């Protein structure tokens, strides 16, 4: 019995080991490609193909009267009309209008991203530094600090919406007491922007903290000994050792956080609403909801293009790191 | 300035006491080497001095101030770590200049010092490399460089030359000594290399299992080891030990007897269990007895293995005892009962000894160390007290 | 703390800290104090919304007016009522299964990719990384129509002359329709995280494993992944939480019924009536729904521990 | 209302039962308050004459209208065969009709059933389930003649009302009486009053009573504002989005946009007065400040809460509010269900005075749901039979008394027919008035776009961020643009 | 079985060639030590053998099979890394048993081997510790343990004893040799410790800057170094070199002249620029000349620094040349022009020499090495070809 069991285990094991052995014969390059096969398979069927297909939709006309998603081929007409502002009425708010920065989706999104990501990075870093220490009860403090990330956006929105909803929460009174908010924060663009940013910082600082913490924890502790003996103060240790060594993790966190917040939607929709505070993704979703699938697809691609531009900043920085290392 | 004092310093980890009630008083400008077997607490001792580990007990004083809980940066020390620990994200230049940059030295001065250190360390060509592009020895040199550019009051060096080849090591040895003189700093140095310990140190501190065994100038440790442990540890190959008992006027061991004048050596009381120690270089083939002022009686032995080392040959001898009846038995049992009826002898490389040959050897009575077998403490370091020690020897030889 | 090297003994050089050092005999105390203040601040700010959620949950459904720092009334029954109204535990179960499966797949696939990107040199590396990243530029809305068509069996994958047309599977209302796209969409983040962490593991350790007889994959699993535990745990937690709370795609891929693998957010949303929501139940459900994540974080944070490479290398 | 005998019902029932169009399972998409009582509902259907061969199952859907629409939309686009029967919001049924994604019930229902609908059902709900005259205007220029673009022939019925909702004003009868008014005597329940009088009544009562709020309603920037709350204000002032009732459902692009007209401005000014009082530079004379600032951020839930807690004088709300308030009053101890009064939505301009046909006088925004049939269903016949069963008097009664819904069947608004059902009894008359004066939202395929524009502009105006003329002319521009965008 | 062959192996990095056209042929069961200065390519050579680095050029054969691109696991090797590389997430036992577990050894066998290794390495008490709870030397021993439990065909050891104290090192040396015999494996060993290289190896391979300089048995490398580099590298302290030119019957250097019989040493052609090499132990005080069979003429020198080492004393001598006029200048310049007018002599510890003393020394003519200054290649290893080498010496001494 025992032997047959072992036999079975052995077989399973060798079945698992055989491909591993086979890959050993490959060159580094070949091996890399083999490792990437599952990724490419998943990503191409579940992401690239849908995107291609959506892109195709974006080259067609909206078909509001038909059971089809989209109508005839119109090439880049959707893009042209969107970018020239001819579709603003359909979008609900202008795409880009420097005259009213708080009404146009692009500027609102950029302002939001700049403020939120900056705050989240600073706070997340602070939290990570706290969590990096060892102290009694750290486990629970970690949970406490990280748990906002686990709250679904719908609930996150609900919490803040209810808090500032007159008649239900006391948030507006408190803030007005502090002289910060207008009477109706949830229909006021700047107030809503603040609420959305606060809500977002509350939730996603944890994301930053988690990634940065992981980076911090991976730093070889003996380097701190060296730095201390070399005479580094806490601040200097941070600047010369901690920061450069967590920089890769920090960049990943920043990159993804920026991309995610460029796509902000849910928290806006669940608090002030897209017409109070229009974002790029708001337009994608509202046109989608309205059944203008082609327009929606085009807005999505334009959004992606803008995100790509923003992400470029980080990619350049990444390249720097790679070269430096 | 750079004097370092440890008082009753103890460091306990979960299941070991790494350093146990350590008392050290190191003068400013002194060069002290810590030696001891692996795991005896050398690195831990340095770490407590550096402020990287807070001792479980005891106080540490540097330059007269109690620094026991003070952070490392306020101690004016530099350290070379046993595990090297270069900053992986900095090139060699930045690694070496790290401490200076922290202190806002100006660039020219930094470059000057780094260049100078790189030159000493023979790594001028490597200053732009990243640590992972260096060989083991090169990394170690960078680690040394990182410390020496600092010119602190106290240097702590934990096996800084472990990964260097003999030649470079000799070079580094002189350079460190020069540096020591030039900067007049205190250096506390850990090494497992006897030659280093012997040549560089003002004093050697011998540790074992967290305890300080002896701290004394190198030759004192070598010639007058405080106890069995020091005697066995210092010197390579290590001292021969033979257990025996004191009888009146004679120390009796299984392999040989050594006569002494009880009047001259009152420490040896009849009936004591003692261990006789003699270094390999103090064992001579009987034909050289004439060169010695005070040889023992010839001791019958059989050569076993010969280990030629280039500049000397180590000869493993199996003692055949006074009655030498069962020489074969002795040979076969040699391995198992080693240390009591075996002796290591070192001879000149041009010796004509061969393996498995019956010979007679003599010991230099002036170099026979006697230890109390029970406590391990040294009883005496020669059994010929009447003569003056040291200076007398060459003259003695001349006589023959 | 005792074995912690001097941590407590240090403080910054600023004048305030200096004064504090003099004022308080043990300089460690000032630092400790500051540390606790900061920690307390973070705790209060992150926990306050949860506290308020709890207040909401405890407030009886018909007393939802001017809710301040204390509940209007005390009604723990909402934690029972939430299960009576909806089989919330089933939604939770669905989400946990979907999230766990996805997390396992993502960690596995991303580990391979992270190893390739982080530790191997090959042509097209940067381009591939950029393509992966680009996926996250798009709002989920850009994926859902094709994906929905795909998983309702409306896409012809390929036509073979002999066999006929192979159509995409009809996985509507099954976990596969969620797990598969989630795996792809959550992959880029994990790949980037793992790439970063894997690339930081010293080559020496992988070399040691390989000399000992491990294959490259073996070394990945036995050495690189364990040593990247903080990164892997983080990628895992982020993926799990992301999927656990995902709604955009799961909204489409199930009809919202608990027995049809609808996830937890569906459950929370279903506490909403046409004009009015049971805020207290939603709050209670949110608190209960977050518990699995709390457990996960408690477990995962054990993995996020420092000093993983300590004592490994002499270099 | 006399024809509401069991006979008529049975007749129809026999008809459907007699068809015996085979068995099969019919899956109905229903919200949880139905699916929670699936067994009872099923039984009620069989009791109403549904063949036992037909098995009825339920798919539980969300209560959030927009989510449900999105789901149906993707299911129908993907050609899913189930559910067989959809419950569709009257606010978005027409686009599905126009896209030709529903079964034409005019062709499927029995004649009896069809005529019964004509005879006994409120008109507004039926309107919102019919194919519009023309989906798209012919004169738009750049598009083909719209009639070709889907949708059945004019007037064909695609859905049967399942549930209806007509907002009314719910108020604290006790407070009003305390303030010296006489609701009974003045027949507030059936005789709509003017907004001006309403504001005076509420203002005085509020001043007299120890409650926090005066008149609560829902004014935040959301679809409820455009479809309903503001639609009511506007209609009762004699204004309209697209020039009257007959163009509500199209043709898109070929109808006037009439938001930049005086009645609309007046409605907006009045609303501003209600909220901000006479200090508002747009304030109308004679109107009192009766609504809290909070209405600017309120949706249904938050506006209801204070009223049920006894903290507001009056509330504009859907019928469910009657149930909620009555129950809450009952439970509160201080109040009783008798303290709850209802009245139709007040008006400012009567129908005769209004420029547009069918506009003016009291008006209640139409809410409610229809049952429609999935054209991909394998069981269309059975599905139709199920729908016919729901139209049976017995089932409607079950809906009303057991599930707590109002249905489109006017006969059930007659207390004589239904008896004194708690807590509806005292309010049925008012609801009947509201139902007769229901105003549907202008549902077309472009309504979602227009709705959000309207909500946002109107909210802006009433929040004093913009002047009515300025905002409405901008809105008119956007609406026209959207009209032309198809 | 375990024979290892390197043919034209070259490894280039971005800016250095770490190993350059290396050819090695190591027999099965042989113990070969690689020595060379830091950064010369020793570790890189081992890495190519292990399969951790694929050589830029050349082929590697193990047991007759070309394994140049084969993964490490298919080479039946075990390696002790210079940087130790313990798995930090495994305790000592798991670290040591890692390779065995990968190969599905059964638990009893694993435990047996690990226990055995721990015993040899004297780390029995540490098997449950994590690497970061070990001292430097303990870590290194674990690293050795991880290799030896494997019992592979080829051991690659990169400075495995660098962090161990002398005593433990001697112990490990014997253990490794025993293991070598017992398992009959090939061992390729890197060390910077001369004693290790000398005592353990069958052959020593001396490398410099990526090039193989000489591969030969230890004593051949010591006594007959192939070139200046090997001569200078092997032996500690290192050989003295003095540049000079060959004149008829005499090698003339700034400090002294050495006469030779041109008939006996035809390699020395008059006019050649040569470098004379002599080891410190082959320099004797003139009074010992009598003990030597073939001493040179006395050479005038002044003692500078004395370095007592316990078992010997190193004496730094400044040659005063034949005319000895400016002895002060010579002393001060000594440091800068070292190697040409300085000589290191090693004497017995009981010598009575003191610093700053004028003495005369002699060299052993049979131990004078002559190199071509231009190419560095050895020309001859004595200047007394007629006499037989080796065995004659002791006899020669006896004569005096």
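As written, the chains take the letters A, B, C, D and E, and residue 1 is the first residue of each chain.
Quick note on the criterion: a contact is a pair of C-beta atoms (placed from the backbone, for glycine too) under 8 Å apart; a residue touches a chain by one contact, two chains touch by 3 or more.
Quantities reported herein were computed from a predicted structural model and do not represent experimental measurements.
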Tell me, which chains sit next to both chain A and chain D?
C
Walk from chain B over to chain C along touching chains and report the minimum step count.
1
A-C against A-B, pair bridged by the larger set of C-beta contacts
A-C
When you average C-alpha coordinates per chain, which one falls nearest the overall C-alpha average? Tell me, please.
C
How far is the middle of chain A from the middle of chain E, if each middle is the mean of its Cα atoms, in Å?
60
Suppose each chain is reduced to the average of its Cα coordinates; what separation in Å results between chain C and chain D?
42
Can you check how far apart chain C and chain E are, centre to centre, with Cα atoms defining each centre and the answer in Å?
57
Show the residues in chain B shared as contacts by 2 or more other chains, in ascending order.
13-14, 47, 51-52, 71-72, 82-83, 85, 136
Residues of chain D engaged with two or more neighbouring chains:
70, 305-306
Contacts with two or more other chains, residues of chain C listed in rising order
5-6, 10, 64-65, 145, 202, 215-216, 218, 269, 279, 307-310, 313-315
Looking at the whole structure, which two-chain pairs count as touching?
A-B, A-C, A-D, A-E, B-C, B-E, C-D, C-E
Taking the touch rule as given, give the residues of chain B at its contact with chain A in the complex, in rising order.
47, 50-52, 71-73, 77-79, 81, 83, 85, 87-89, 98-99, 101-103, 130, 146, 150, 156
In their shared complex, at which residues does chain A touch chain B?
220, 222-223, 225-233, 236, 240-241, 244-245, 325
Chain A residues within the chain E interface of the complex
10, 13, 24-25
So, in the complex, the side of chain E touching chain A is made of residues 71, 73-74, 104
Quick check: in the complex, which residue numbers of chain D touch chain C?
31-32, 59-65, 67, 70-71, 74, 78-80, 299-301, 304-306, 308-309, 311, 318, 320, 324, 328, 331
